[in-house]
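There are structures below to look over.
Shared between the two complexes below is subunit A, which has subunit B as its partner in the first and subunit C in the second.
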Partner chain A sequence: MEQEAKRTKINFGPQHPSTHGVLNLLVEVEGDTVYSAEPHIGFLHRGFEKLAEERRYIQFLPALEKGDYVAAFAWDDLYMALLEKALGIEIPRRAAAIRTMMNEVQRIVSHLLWLAAFGQDLGQPTVFLWSFREREPFINLFEEVTGGRLHYYYSRPGGLKRDVSRDYLDRVIAAVAKFEERLSELEAMTTKNIIFQKRTKGVGILSKEDAMHCGVTGPVLRASGVGEDIRKSDPFLMYPHLDLKVITRNEGDAFARTEVRIEEMKESARLVKFLARTIPEGPVMAGPYSETASEKWPDSMSMASMLKVFGLSIPQGEWFLRHESPRGEIAMHLISEGGPKPYRLRLKSPSFCNLYAFSRLAKNTKIADMVAILGSLDLVFGEVDR
Partner chain B sequence: MAVFDITIIIGAVLLTLFGGLFAAYIGLLERKLIGRIHSRYGPTMVGPYGLLQTVADAIKFMQKDFFVPKRADKLLFIVSPVFLTFLSFLLLSYLPWGNFSFIVSQYDLLIILGIVALSPVIILVAAWASNSKYSSIGGLRAVTQILAYEGVLFLSILPLVFISGSFSLAEIISAQKNYWFMFSEPFAFLLFLFAVIAITERQPFDLPEAESELVQGWLTEFGGPFFAVILLGQYIMLYVASFLLAALFLGGWGGAFGWIGFAVKVFAGVLVFIISRATYFRMRLDQLLDFSWKFLVPLGFANFLLSLLIVYTSL
Partner chain C sequence: MEIRIVEANNLRNAATELKQSGFRLLLVSGVDWVQKSNTYEALYHFSKVCGPDLVLLKVSVPADDPKVPSIADIFGLADWHERETYDLLGITFEGHPNLARIFLPDDFKGHPLKKDFIAYKRMLPG
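Right after this comes the complex of A and B.
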């Protein structure tokens, strides 16, 4: 009783520098020891699932990308693939390959942003700025072809908004090759640095059983020794044809999560180079909406074709599709009763599930460890709250 | 006993100016250098090459409101940052400037250590006066950390005192005529380096101000002018630390280059502190304390006994 009276409750966030966005943690501390940490979410809740019911299918796309603003391509492509599945459109191989490539570049970009934030959490702004420096060329490449740096709206039902040139693909390969070189610098600062190892090894150990019990996915799950990757177990786009290595670690601590993400960046870099070299020639749009392809401009912008896309309606039925975003398993469940708006669109976000493991991990740690654990889970609050 | 004549007053004004300018321009250098390490430019916009950036910052700090939190202890909240910086200036006044010293004493090193030992008390007062949870955790961290590393600091200086037979900085410097203590006492040098980084609360031992954990630690509630005053004090501490590093281990102003060489050595010391700030991750409190009590303190004792042995056998 007396012991408990010494404990203090602190509100960590939502304006705290280490909560990456808008998380409020109610932390019970005594001195430097954390006894419990209770996450309070919902500060960024925008009601995406309800928004989807109120909008036409194509109008929901911009809202969706504001969910996981760090890896918008993954959600974007999942949504388009779901619409295409519902409409029965087979997209051209070139479009599928470009989407896959963009997804893998997005994975690198997202993991770099995570590394940046994690470095900042552990008290080293150099890692933060170096990661941002490496991220920049990829963001510029995204901007060049899609027009957006974080929000892309690149996919269309049946293909892509715009084709990419051979020259562009060569520059993607060059950028990735340069990134692979520079990654070793980041590794020297992080996984090979003794203080970093001391701060992360044995911190926030999530056992295999706990990981499966909490329902965590993505790199957090793979760092706990479960070799589950949707790109391997339930693939779409070009993933079934790719020779993909699933990276796992058995330790389940913050260091293992770091290693998994760094190895995944290397694996993604390899895949991007392979895809950029082997993208087949051909059209990038197919199906009933191919008049909106950019090569048919200005007819593509005609009132008739715009109306056709905006009037996109899906027959009665139920569809489900999942995909591996950089943070883990994302899934969509669409129920349609016919017409231009969905009856229900359920979004499953990995950040939300990974946050579930947090209070379990943060018990009886130090304040510094709690921040490291929170950072190692790679949470994006646009996605947690939706 | 100090006599208040005109030279003392002029000297005091010059010293204050030096303290301010050093803080301003080493602060700017730190930002520039760390900017380059981060592959960005650092300040470039204010004045040529951004040279007036710190002046602009100082003006901005001074324009801000004297904000005292409602629940804070007003008197202590206002007094503690001023007193903390006063301590830094007091340290500065004990450092010799060639033949001139404000307060001449045979025991200046001892007095400097004594003043350094006062700072955790004032930090604790400042944290207590802020009456904020982050401040109190940061304050307690600062105190445990400084107490843990003061022992290391004393242990690193003791062998030098025994070898040179004096607590006076000038004597210790003249004892390094043949070789620098950095080479004859490498362990003491390392201990001193760790201790000084920990006591000045710089990275990787900046736990009391850990931004990602405690917002600003014990500094959280201090804004505007208070923060500027504390920052000034911290940069003067950096100068004192580099001065001591150069004087105790790098031969001071002895040798062929005299005072210019000494200035270069002090600057090199500053660079060591700046670069370590941009390179290492922050340690955890228990790791930091373990490192001190379980590794550095025993090492310090062993080193002290060993150097005693060497000194007495060579006599």
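Right after this comes the complex of A and C.
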């Protein structure tokens, strides 16, 4: 009883910088020991599933990309692949290869942003600055071809908005090669740094059983020893043809999660280089909406072809598709009753599932470790709250 | 994807069986079919661990009393997903440890994913 009385309940966030957005934790502490931490979410809830039902299929795209604003390509391509599956459009191999390449570049960019934020959480501003420096060339490459730095809208039903040149692909290869060089510097600052190791090793251990029970996915699950990667187990785009190595660790602590993400960046860099060298020639648009291809400009922007894309309607039926975003498994279930709007569109966000494991991990830790655990889960609150 | 229609009282058995045969829970959601057949449908997506197999369980419940047994003790993830489905669609999960709203404030009126919930006063064109 006396023990209980010493415990204090405090609000952690939603304005705290370590909460990566808008998370409110109700933390029960005694001294700096955390006894329980209960996440309160929903501050960024915009009702994506309702928005989808009230909009035409293409009109929903801008909202969707604001979900996971750190890895918009993954959601974008999954949504497009879902529409294409429902419409029965087969996209050209070149378009599929470019989408796959962009997804892998996005994975590097997303993991770099995570590393930056994680470094900041652990009191290493250098990691923050260096990660942002490495991220910049890729963002510039995205901007060059899509026009956006975070929100791309690069995919169209049936292909891509714009083709990429050989010169562009060479520059992607050069940028990735340079990144691989610089990554060893980042490793020296993090996984090979004794201070970083002390802050993360043995912190926030998620056992294999707990990981399966809590339904975490992505790097968090792989760091707990389960080799689940949707790119391998249920692939689409060019992933079935890629020789992909699934990276796992058995420790399940914050350090293992860091290692998994760093190794994944190396693996993605290898895939990007391979894809950029082997992208097949050919058109980037196919199917009923190919009039909107950029080479047909200005006709592509004519009222008639725009109306055709915006009037896109999907027959009655159900479709389900999933993909591995940098944060974990994303999935969409579309139920259509015919017409230009979905009847129901269910989105699965990995951050939401990973955050569920948090209160289990934060029990009986120190406040500083709790911040490290929260950072190691790689949460994006646009995606948690949808 | 394999679709299985199950009765509400058989859901927990079906979920336990799937867990024993190596499936993990992916998603819990629901659909409003009130205008069509006066029912709500709870959907449970399962996926084989490290495999492409998918199973979708569909549970149909009457619209005037939408109640489904909770599977939060079988799959931990269902805890938050059931809260979300309750919050947005109003399906009650019986036996859930803490069936509170998760996204919306506690004093929010209505469940936005119901088809009769008007999100905008002005309907968007089209």
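Operating definition for what follows: the second predicted complex is superposed on the first by the 386 of 386 C-alpha atoms of A that agree within 3 Å, B and C clash if a C-alpha of one lies under 4 Å from a C-alpha of the other, contacts with A are read in each partner's own complex, and residues count from 1 in each chain.
Definition applied: contacts are C-beta pairs under 8 Å (C-beta built on N, C-alpha and C of every residue); 3 or more make two chains touch, one makes a residue touch a chain.
A quick note: this is a predicted structure, and the numbers were derived from the prediction, not measured.
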{"item": "Room on subunit A for both subunit B and subunit C (clash or fit)", "value": "fit"}
{"item": "First, second, both or neither for A:Leu122, with subunit B first and subunit C second", "value": "first"}
{"item": "Touched partner set for A:Phe320, first subunit B, second subunit C, both or neither", "value": "second"}
{"item": "Which superposed partner A:Ile367 touches (first subunit B, second subunit C, both, neither)", "value": "first"}
{"item": "Partner chain in contact with A:Ala254 - subunit B first, subunit C second, else both or neither", "value": "neither"}
{"item": "Touched partner set for A:Val29, first subunit B, second subunit C, both or neither", "value": "first"}
{"item": "Contacts of A:His333 with subunit B and subunit C, given as first, second, both or neither", "value": "second"}
{"item": "Subunit A: partner with more touched residues, subunit B or subunit C", "value": "C"}
{"item": "First, second, both or neither for A:Leu244, with subunit B first and subunit C second", "value": "neither"}
{"item": "Partner chain(s) touched by A:Lys198 [first = subunit B, second = subunit C, both, neither]", "value": "first"}
{"item": "Angle, in degrees and to the nearest 10, that opens at subunit A between the C-alpha centres of subunit B and subunit C", "value": "120"}
{"item": "Where subunit B and subunit C come nearest after superposition, their Cα distance in Å", "value": "25"}
{"item": "In the complex, subunit A residues that touch subunit B", "value": "8, 10, 16-18, 29, 31-32, 119-126, 129-130, 133, 189, 193, 195-196, 198-199, 366-369, 371"}
{"item": "Subunit C-facing residues of subunit A, complex", "value": "41-42, 45, 47, 49-51, 53-56, 59, 212-215, 226-228, 232-234, 320, 322, 329, 331, 333, 335, 340-341, 343-344, 346, 348, 352-353, 356, 385-386"}
{"item": "Subunit B residues touching subunit A - in the complex, by the definition given at the top", "value": "34, 37-40, 133-134, 137, 140-141, 203-204, 206-207, 210-215, 278-287"}
{"item": "Subunit C - residues contacting subunit A, complex", "value": "1, 24-27, 29, 31-32, 43, 45, 47, 49-52, 54, 56, 75-77, 79-80, 88, 101-105, 112-113, 117, 119-120, 124, 126"}
